[in-house]
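Chain lettering (A, B and C) follows the sequence in which the chains are written, and residue indices restart at 1 in each chain.
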Amino acid sequence: MTAVAMPARPARPSHAKRNASLLAAAAVVVWAVLSIEVDWTELADVPGGIGRIFYNMFLEKGVDWTYLPTAAEGMLDSIWIAWVGTIIGAALSLPIGFFGARNVSSGLISNVVRQVLNAIRAFPELVLVIVVFIPIAGLGAVAGALAVGLHSVGTLGKLTAEVVEGIDPGPVEAARAAGGRPLQVQRWGVLPQVLPEIVAFWLYRFEINIRAAAILGVVGAGGIGTIVQETINYRRWDKAGLAILVVIVATILIDVVSGWVRRRIIEGSGARRVGGEALEEPEFAGSGAGRVDTDIG
Amino acid sequence: MTAAQEARPTGRPAKPPRSLALPIGVVAFLVITWLSLSEEIGIGLNVGDLIEDAGRGLDIWAEFLEPNWAFLPDTLGPMLETFQMAVISAFIGCAVALPVSFLASRITAPNVAAYIADRSLLSIVRAIPDILYALIFVAAVGIGPLAGMLALLFFNIGVVAKLLSETVDGVDPGPIEATHAAGGNRLQTTRWAVLPQVLPNYVAYSLYTFELNIRASTVIGIVGAGGMGQLLNAQRAFFRYDNMVVIIIELFVIVFVIEFFSIRLRRRLV
Amino acid sequence: MIRFENASVVYPGGVHALKNVTLEIPDGQMVVIVGLSGAGKSTLIRVINGLVPLSDGDVTIDGVSVRHARAGELREIRSRIGMIFQTFNLVKRTSVLNNVLLGRLHDAGTLRSVLGWYRPEDIEIAMQALERVGIVEKAYVRASNLSGGQQQRVGIARALAQNPKIILADEPVASLDPPTSHVVMRDLQRINRELGISTIVNLHFLDLARVYGERIIGMRQGELVYDGTGAEADENVFRDIYGRSLTADDLLGEPAAAPA
């Protein structure tokens, strides 16, 4: 090989844009730390405070096991709230989701429906319960269930619409070509493709709603939230510790069972997404988040 | 040959036995639902009562429909606090979540014990809703944004670590093999073969967490953990529905604006 | 000198991937391994740097046992062995230079490498490796923006950056088109001759094997069934190794262009 002139080594590229963004982000964080009205010297007391509470709840006298029936009842209330709320959400979101899908309903209708769903989604269950449902149904579990249900319609409706939009048009075309009426086309051409994924969404929503239901208890909408709040307010630490344990155990159990069922449904159908925050934010779906959960949690 | 077999033309397969799973599942579902709606055990949903009582709500809603815009300046301080809390918690939470998520993925975990311990811990952290954290921390360090930030911190770690560990589970194993073949240790492999693959996702998750924090501030503020939520709760205590509606609308607008930019940014990253 | 002594590998699940292989590869030799998929080629290569653990027997490199090396020793052994993969195994999202620097990880030490504070000497070695394969001008280009042939050359540069005594190549050209395949094989051959690095290559294109293999080893069902020169390996030999007649899929089909 004859000698050729060695190409020159390239210069190091400048990362101006990236560095500027990083600097800006760091500046925002520093500003927040400096400007927030918090006495940072209190940070030193934090471990002590947490340690004390932890000790009071779990170690001083051990948790109060006699409180278990009450706590379990409260947790069960929260589970019912989540259950009813998810059913309401699932039942309503299925037809609404179809209306929100561009390929099934018209472009205009689907747009309007999606905007309405977005508006509903924007309100956390807590706000819905305070503003809408406690005034109607009074304090208690019913208000909680309705709030969870309405919010779930928003989220599930959006996800259903997206799944429907993502279907393979082949079977739908075949159903139409065979002379099927619109409802039949939906039932036999679209539904079989999307049902497993949608049911998986319902189950995942149920898992999230358990947490939402626990939260609602704090404003009097029933459930374990009320119990945790009261036991903490009245400084009944051993009872509070038990209530928290109940929440943890029940939530993990439900997550595991629900996750198992979801996996069985999805594996049987070969659909893509299963769960995780990827459901809420579809641009995360391709990143691997939300794939089939592996063992613990 | 049984009569059934004789009747069927040869060559056709027998109908597969119906699995019991579906009927059992449906029955279980109906039972649970019925229980959940019942008076004694469940929540006591009585649609008749509901429709009757709906009238009650109208008075309150009337008040909600008259926002007291003069209240707006009073909301600015808490709004700023919500924002500050969201930033700080997201920053620290995401920083802590990075090593936690590496331990929670089989690919980057040093050994099985650490993996199981980490995943169990993560399950527990995620099983507690943000409000319960807020209750605990308010009891531990007192009312105010410090408790709120601590609560958001744990909440954030749970969310980001789960998302990130699942992403790590899905990385291309090729560069990992190449790094091992070149004599790299686990830390080096994580830094140069895994991290570059998940970094854009990580940034997206961090932005998402910030968004979640803003939304969560309503919720945790209700128990005294600072920000707009605390203001909301104060107004609720005085039945100032006209002020509450202003706060809610403000939150709605803020979340909408942040979401708008955040979704675009995240889409460009992932 | 690489020495196999009754090396055997049984995968969990019972697959007997290597059966009692005994073999010696002197320093500086270029060896091509051929055989059907599943014949044990990949396993043979991967027991040399311990990516696949041995079930029985041993592999020693200059007398040091690979099978009994502890974690730190194994990394030391691997740092002197460069490896090239069929799918290149580059970190797609980062620059070519960062990919080549993966070859400096062991020598640079954990602290420096994790923080990215490579010494100028390390950067220099990486740049020289890129120059040797002729793509230094792409040093700061994102790896995913390169063509297949260019990516494989980055892979070779990464291996060179380790200052290796041995280079292992697992089907390095299977994903490349014929002209590029010849370019890459010629690069490997040149490196072997100029730098005296022992080179062991898995190939499934038999015409390539004959051209570039100074020594050819045939594997069938985990056993070593042939060991001879490229010149001696004719169609009959290959038929023995493969256990069947040759097909068009076994040949690259395109002869090398005249060397520049």
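We take it that contacts are C-beta pairs under 8 Å (C-beta built on N, C-alpha and C of every residue); 3 or more make two chains touch, one makes a residue touch a chain.
All of these numbers come straight from a predicted model, not from anything done at the bench.
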Pair of chains with maximal C-beta contact number: A-B
Farthest chain (mean CA position) relative to subunit B: C
Computed distance of Cα centres, subunit C from subunit A, in Å: 48
Approximate Å spacing (C-alpha centroids) for the pair subunit A, subunit B: 5
Overlap residues in subunit C, where contacts from two or more other chains coincide: none
Residue ranges of subunit B in contact with subunit C within the complex: 172, 174-175, 177-185, 187-188, 191-193, 196-197, 199-200
Subunit A - residues contacting subunit B, complex: 28-29, 32-33, 35-38, 42-43, 45-46, 49-50, 52-53, 76-77, 79-81, 83-84, 87, 122-124, 126-127, 130-132, 135-138, 140-142, 144-145, 211-212, 214-215, 218-219, 222, 225, 228-229, 232, 244, 247-248, 251-252, 255, 276-278, 281, 283-284, 286-291, 294-297
Contact footprint of subunit A on subunit C as seen in their complex: 127, 131, 136-140, 259-260
Touching residues (chain side subunit B, partner subunit A) in the complex: 32-33, 35-37, 41-45, 50, 53-54, 56-57, 59-61, 64, 80-81, 83-85, 87-88, 91, 106, 116, 119-120, 122-124, 126-132, 135-137, 139-141, 144-146, 149-150, 159, 162-164, 166-171, 201, 204-205, 208, 215, 218-219, 222-223, 236, 244-245, 248, 251-252, 255-256, 263, 266-267, 270
For the subunit C and subunit B complex, residues of the former touching the latter: 49, 51, 75-83, 85, 87-94, 98, 101-103, 105-106, 110, 113-114, 155, 158-159, 162, 168
